[in-house]
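Each of the next two complexes has chain A plus one other chain: chain B in the first, chain C in the second.
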Partner chain A sequence: MLRDKRSEWLTAAVLVGPFVLIYGVLFVWPTIQMVMLSFTKAPLIGTGDWVGIDNYVKILSHKLFHQAFWNTAYFVLLTVIPNTLVSLLIATAVNRLKGGMQGLVLACFFLPYILPVSVVFLTWNWIIDVQYGLAQVFVRPFNGGEPMSLTRTIPAFMPTVAFVTVWWTMGFNILLFIAGLRNISPEIYEAAQLDNASRWRQFTRITWPLIWPITALVLTIQLIAQLKIFDQVYLFSIGGRQDATITLVQYVYKLAFQQNKGGEAATAAVLLFGMIIILSVLQYQVLRTRGEK
Partner chain B sequence: MSAEAIPSTETIAAERSRRDRPIDLIGLALSLLTLVVALASFFPIYWAIITSVKPDGEVISGSNSLWPGRFVFDSYIHIWTNTNIAIWYVNSFVTSIVISALVIVSSAGCAYALSQLDFPGRRVIYVLILACFMVPMQALIVNHFVLMAQFKLLNTWAGIILPQLIVPVVIIVYKQFFDSVPKEFREAAQMDSAGHFKILFRIYLPMNWGVTAALGIITFIGAWNSFLWPFLAATGEATMTVPVGITQVKDAYGIVYGKLMASAVVAGLPVAVVYLLFQRRVTQAIMLSAGVKG
Partner chain C sequence: MKNSLRRLALASTAFMALATGAMAQQTVVWWDFLAGGDGVRMKALIDGFNAEHQGEITIEGTTLEWGTPFYTKLQTSSAIGEGPDIATYHLSRIPLAVDSGTLSEITDEDMAGAGISDADFTAAASDAGKVDGTRYAVPFDQHGLILYYNKDMLAEAGLIGEDGLPTGLDGLDNFNAVLAQFTKDGKYGLSTPTGDRYRTIYSLFGQMGGVMFDEAAGGFFPTDEDLAKLTTAIETVKGWVDSGYTPVQVESPAALALFTSQQSPFFIMGNWEIPTFVDLHAKGELFEWGAVELPTLFDTKAAWSDSHAFVIPANAGKEADPEKRAAVLKVIAWMDQHSLDWAGAGHIPAFNAVRDSAEFQALKPQSDYAGFADTAVFDPRTILAGPAAPLGDAWSNYVNPATTGEIEPADAATQMRDDLNGQL
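Here is the complex of A and B:
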């Protein structure tokens, strides 16, 4: 019996070994190192003096950090809510379609989601190009017949990038909503139809309340994902004005890789890290209490 | 958990009863509207493809014709001969395949141990995985960079691969599936004196082959698409992956949208093909991982 136990431990060690090695070296150690680094005044590569909480004081009062925070919050606001609403509407519509037609329509919405961010960037950068972009056909009438840059001016930048992001990531949310809609028993709708309830009434009284748990999930997944935003915003803002449109991850990137301030970059990363953990815990609480109801 | 991209018998029945109603004009209009919105959503991809096969002159003539006057593949030939796209392709394929293989193998083993074996430290490891789930990898870029620099792995395949091996969701999904395999299978195999490795590779993995396929495909797509880390780890054109490399395609003669679209099409092609071939597996994997996140 004891031999059995020992051989089980040995097997476990072999099976868990690679995991422990990978996560130890690439997750646990960098995390510890990040926290330590955040208390030092160090360049990106190399060591520095221990400065206590100086970096935190500095970053938290840094104007650019505030800018990054508000830009990120603005981006979250511009993407998460429209994305959720549009995805839910599309999902209910797609869910009504039949067989092959449904597959085709779903593929149209889903295909963008699996494309690399740089493909999305190149495609849309071409579409919104000031001189030759197709989007100018639609934009010109609103700009007194003149072509208009959709990313080169600060007010237009975030809404445009948010629009592209919604187009890009919508497929994921639609998929989750469809999964949720399929779980609603059709008998409920049949009963409603017998009562001659209108489509809109069916949606507000049956679909919406029953789909709410999925909606909460979709909202929080997006919220956490968009806090980590970097790729699109960085790509669209290449060529200057990065400070005006900077996001939190871009801020970390700037401190570390453009200004060689390893310590401060680690501090900013720890702050981002903290925000996401708080949100994750909140999400977990919300979804768990919802599950218990 | 068993969400599949096929309509259940109930929905089919519901649709049949809907069809029996006289003429559903609103329903028809809604369906048509959905189709139009779907085509609009697909349009940017179409536009990128069509631009890539138009002659340069037509691209910048402002004609915006939805069909090329003449199909030319100059843009593809140009990027093939004038950029390192072939090398980026090799880099992307090697790193993505190695990442998927390593993630699947190490996660399946770890999940089996967590699910079926009793050993010290089991709880600690599970808590670690859940913790890892919450941590944004984007917050670790600075220290990953420092670590890879210390190992002298920047601008190498290993440097691109290593930090991307952290995919906790794969372990959690595997564990859930292994937990649901009836214990009798394992006990019967153990009666025949099969070891744990044999049980894992002959029973547990084959029983969950569909899950492995789904997770493998989604890991591959994720690795192929990842931008931030390869962008930091590969600064030389020789080690860039396709999604990073194509942002470098520039031309000395101004507007090169035809060529840019050709490189976009080439970069998106592998994942688009994988998706179109394995649609159901991809959607299944996404629903599985979303289920875990909830």
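Here is the complex of A and C:
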């Protein structure tokens, strides 16, 4: 008996060990280092003097931090909800298609997701280009007949980047939703049809509650991903615009790599890290109770 | 016969190997950030060097992404001793690089060993490679803002002088009149990309004699007068936008296309676009074109400028041994001595002997604008300066958007000053 227990432990250690080790070295250790660094006045490379919570006081009262915070929040709002709704809608429609057609349509939606961000940026940069871009055909009527730069006009910037991001990442969400939809037994729908339930009623009373767990997953994954938004904003805003489009990760990048302030950059990163954890836990709690009802 | 020849060849090779045995073959790891036409020409130079130094020195070149990625990678890799043996660098960033401990000193003995000295370069360039009298960089070229023109369009408008160069562009009123003359039927007088206008503005600021940085007098834009000059420079460029001489919003590739598709007779850009036009013209896809110094719109001649230079990263814990150092210096000296090929990329060689040579003087349009090297305005000497540094960030953050009416020029100037001084 004792022997069995011991070998069980051994098996567990062998299976989990490598993961714990890699996780510890690549994630836990750097995180601890980052927190330590946030209490020092260090440059990008090297060590600095202990300054206590000075960095936190400085960052939290920094105008640019607030700007980055609200920009990130705005971007999350612009991407997460539309992305979830559109993905669900497309998934429901695609799920009705049969056989090869379904695969083909799904592949079309999924294709952008596997593209690197630089390719996405180059493609869209040409499409929305103010002089020669195809998208200007659609933009002009809304701008008094004049072409408009979608990346250099501050109010248009975030919606543009959000649109491209939704287009880019939607495929993954659609796949998750399709997986969820396929898990719903067709018999439930048959029963509902016998009762003469309308399509809309079937959707709100059967589909929606049953795929709620998937929706919660999709929302959480997206929230974490979009809070860390950097690549697209960085690529589309090369040069910057009065810092009007700065996001939290960009703020960290700017402090670390442009201003050589390692300590302050670490502080901003710790704040972002804390925000992601708190929001994820909160969201998980809310969504879980909702799902259990 | 054949066999004995081969034996002879083998024997002589062995002998040569013995003779040079004391000096082992060196591999010099090289990093640069040069893409496009610059990259092609640099690669050719590296190949040329390798061919000429077979069995002695081999350069192993890698090209990284220009700007922050390059400089960050160089700094971090140098800090842990994993940097290259030699790297290209902007002279404007030398104070920042020295402050962060990225670079290794290049002594007079190092230079002498390779047969070069400060006297081979202009005083301005060799001084820019030093901090407090200590040398950290060897200059390679000078590059800056120039005015490209469409010779056919200008000739038709009677703006080509007897020397074959554009005339009547000096003075703000004259220049504006010319721009107005070409701005019609959906065409523009001038093409200047939105994201790059700060370089023009810095040039005009220099033409007014503005002082950008004076540590003793309080930092950036030390006097109200300097701030007013910056405001005037921004207003000048904004004026071109407001009058419709140039598009409000235009990205770099499209700005280039405006010029090459004859929708605009002028294009303000760095000299690094020279290869683009040379190649297009050679393929028969471009009109007659040329490039000259920026017109003097205010008091004195001036244009934004910077320099590419060579540096040796400090590589903490793994400093280069004397033989490696000698090889690196040999590479630097060879590159400078062969910088006529580099001039093909539009740059002005920093090496006096090459710049003064008849071959360079015959190079067109390079020699037409080479004069800007003497009146260039460099970034100020501060740890905030240089591409992808806080100064570059502030320019594009405040000054570029002021040309499109997103901020008032005077506010942009004040905000830029306050932001930079806040980082000192």
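The rule is short, and it goes like this: the second predicted complex is superposed on the first by the 251 of 293 C-alpha atoms of A that agree within 3 Å, B and C clash if a C-alpha of one lies under 4 Å from a C-alpha of the other, contacts with A are read in each partner's own complex, and residues count from 1 in each chain.
Methods note: a residue touches a chain if its C-beta (ideal position, glycine included) is under 8 Å from a C-beta of that chain, and two chains touch if they have at least 3 such contacts.
Just so it is clear, the model here is predicted, and its values are computed rather than measured.
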Clash-or-fit label for the pair chain B, chain C on chain A: clash
Partner chain(s) touched by A:V233 [first = chain B, second = chain C, both, neither]: neither
First, second, both or neither for A:F257, with chain B first and chain C second: both
Which superposed partner A:P43 touches (first chain B, second chain C, both, neither): second
Touching partner for A:A68 - first (chain B), second (chain C), both, neither: neither
Partner chain(s) touched by A:A91 [first = chain B, second = chain C, both, neither]: neither
Touching partner for A:Y132 - first (chain B), second (chain C), both, neither: both
Greater residue coverage of chain A in the superposed arrangement, chain B or chain C: B
Chain B versus chain C as contact partner of A:L78, first or second or both or neither: neither
Intersection of chain A interface sets (partners chain B, chain C): 44-45, 125, 129, 131-132, 238, 257
Residue numbers on chain A that touch chain C, as the complex places them: 43-46, 125, 129-132, 147-149, 152-154, 238-243, 254, 257-260
Contact set on chain B toward chain A in their complex: 3, 5, 7-8, 10-11, 13-15, 17, 26-27, 30-31, 33-35, 37-39, 41-42, 44-45, 47-48, 51, 59-60, 62, 64, 102, 105-107, 109-110, 112-114, 117-120, 122, 125, 128-129, 132-136, 138-147, 149, 162-163, 165-166, 171, 195-197, 200, 221, 224-225, 227-228, 232, 242-244, 246-247, 255, 257, 260-261, 263-264, 267-268, 271-272, 274-276, 279, 282-283, 286-287, 290, 293-294
Contacting residues of chain A [partner chain B, same complex]: 8-9, 11-16, 18-20, 22-23, 25-31, 33-34, 37, 44-45, 90, 93-99, 101-112, 114-119, 121-127, 129, 131-132, 134, 137, 167, 170, 172, 175-176, 179, 182, 185-186, 189-190, 199, 217, 221, 224, 227-228, 230-231, 235, 238, 249, 252-253, 256-257, 262, 265-266, 269-270, 272-273, 276-277, 280-281, 287
Contact set on chain C toward chain A in their complex: 68, 72, 75-76, 79, 96, 99-101, 194-195, 247-251, 253-254, 257-258, 388-390, 393, 396-398, 400-401, 404, 406-407, 415, 423
